[in-house]
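Only one structure is covered here, and it is reproduced in the block below.
Going in written order, the chains are labelled A, B and C, and every chain counts its residues from 1.
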């Protein structure tokens, strides 16, 4: 089985999708279903975060089981700053990204000394540390989480408390983030990451400072997840320990696998598929997790390479992996 | 001093129950090279089964035995129907598939038993305390758990080190290809090991049920701890699982009591009150990260 | 000739086992220096010590006048000290061309570049194709490396090492597992390289060694017991006794 290093972003796919996402709120508001704007924001946020995890797992071969730590860290930074009276998005959001990036730098520097199963376990361990630290901080809500007084303040006249406006902010970040990701994986840096995934020892012997590239990817992915956390906490108006939990890390990994590990659109498709499935099942039964579990199991057993490969096989329109 | 002794025993008791989970997990991990996130679900199912049988028969002994047998059968069925297909897959697929199983197990229990926690009462004769030393009382039921845990550890040790099956298991854990080459019926061996691991989970679930709530999600916290245990002990090593489990049990239990106390002596009470519990709960993860950092193969590596 | 590589008193212990026991070795610029010895003599360990995959317990490694004893693999590669692997280590799921592209990119400065697609860097493709041509694999450029014939994979292995523009090429049993005809091709390839790059050749095939080497060092039980021109080695009594025995007679 051959693997391609090129992952072209086709304008013929990306631009219509972007256009559709731009007009989406007008359509659902016209048919008076504003809830879908909220759902779409949520999907876009997780598409961004899952894509950042796909950079690690799918392109760098680093199966991190602790990505929720950075998502949650970003969320908590915004919520904690808000509690201390700093509501400005211009301060809080960069701070969330910076904290997540620094956390990723520290955690990555230690974790990336290990490989394989040990890497999975040590990233999980660090995420658990972060989780328990926040749960035990009673001043910041402890088990109950920390709710936001309002959404972050951008500028007079721009009120993020409007779900539609917030949607567009999320869309701007998610689409820019995805575009940068698409540039990244095809750049020299992206090639090196994929080379490391394929044969790390060989990359070292070719003269690449492997550790530096892996750490770079880990920090980039962590920072992106931090941004996702800043957006998510505004969406939910609550920073909850659940965002940091290992099941959240599991859900993020699930999105990546579901969408297609190492495929350009894998994170996006996985996030959309998982969250839509969740909504759909939840509409029918409170026991939607049972259905979700069954579907996931079926995917692993019968579509091992995720949805992106199915789309890829389906025709030229989907050949963007 | 008494507090220290009591917490030490509590830690040992918790550690031994952790060992029951970790033993099965480490064998599956070591022999099949498989990450099984659904291992904690077997523990949960074991506890539910025990509660169910106890509720209908009133006999604690029957409840434990029935839960063991039932969970073992369920574990073997699971191995044959799903897990077997995952051995040759990468860790990522295993994580996803067993994560799915975990969701399925949780939701099934919720459908069958509701969201309320079930109660599982210890046998009446063991409900009181025992005077271990003059003035030092310790709950009889917890002593029983320690006894059972030690007995199982001894049994496992004999099984693994003295029997043919144990030899095959050890061979499989250190070198799968060799075990295959020896013509071992690996499939049957894997199924048996998995069923055995499931039974150990059920034992832990049934024994811990009276101390903790029998509820959906009970398997997850302890699953993560069991992973910590086997990473500290060395993947695939029973001896490592025992050592790791006792270390984690004691460090975690003692840390929760002693750390806040000792912090209070050096820090203002409000700071200590905040810091203590959070430090205590991350203690074992710090320990695990340290072990991975300095001894990546764990304390008792199974592979040469 | 100037000295390019110098090993001084290299010792590597694995627990109680001493794999290399104070190895002193000097390689001159431009020569093909073969390293031979019976199985278990410590050849592979020595290769790891020179390439940086292992660090010694004592002793030092000098390359082009610079001490590299503690330098990691990738820094040695940057300075021109490059190895190939005994067990083929290529990117099996990538095409031969992509293999070569990754190798070419490594030699082209920092890869901390996040914007320009590699696909548009024409020089890379040109150099990668030239590299494949050099080892005779150009017509196999689009083939997935893992499906190449064994001999072709060994050539690709050499190509990857060449891409780093080595001053010294450390070839670890390049003929391992090759059939007679494939071996001949490989000897030809190495012979062709000999003029342009210094080569340290670890090899069991005595015909090839005596054909290619300017000097030969014999490693026995972790020590260099003799170094000299092929003729000297052939007639060295200690070498005959310690290792070569009749094998040498048949090669001569």
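Convention: contacts are C-beta pairs under 8 Å (C-beta built on N, C-alpha and C of every residue); 3 or more make two chains touch, one makes a residue touch a chain.
Bear in mind the structure is a predicted one, so any value in this text is a computation, not a measurement.
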Quiz item: Which word fits how the chains touch one another: line, ring, star, complete or other?
Solution: line
Quiz item: So which chain ends up in the middle if you average the CA atoms?
Solution: A
Quiz item: From the C-alpha centre of chain A to that of chain C, how far is it in Å?
Solution: 43
Quiz item: Roughly how far is chain B from chain C, going centre to centre by Cα mean, in whole Å?
Solution: 50
Quiz item: When the centre of a chain is set as the mean of its C-alpha atoms, what distance in Å lies between chain A and chain B?
Solution: 32
Quiz prompt | Set of chain A residues in contact with two or more other chains | solution = none
Quiz prompt | Junction residues of chain C, two or more chains touched | solution = none
Self-check item: Touch list for chain C against partner chain A, complex
Solution: 51, 72-75, 77-78, 82-83, 85, 89-95, 98, 101-103, 105-107, 111-119, 144, 160-161, 163-164
Practice problem: Sort out for me which residues of chain A touch chain C in the complex. | Solution: 1-3, 5-6, 180, 183-184, 186-192, 195, 198-199, 201-210, 212-213, 216
Quiz prompt | chain A residues touching chain B - in the complex, by the definition given at the top | solution = 57, 63, 65, 110, 113-114, 116-118, 120-122, 124-126, 128-129, 132-133, 135-139, 246-247, 250, 253-254, 257-258, 261, 287, 289-290, 292-297, 299-301, 304
Quiz prompt | Touch list for chain B against partner chain A, complex | solution = 29, 33, 35, 37, 82, 85-86, 89, 91-93, 95-97, 99-104, 106-108, 110-111, 220, 224, 227-228, 231, 235, 274, 277-278, 281-282, 285-286, 288-289, 292-293, 296
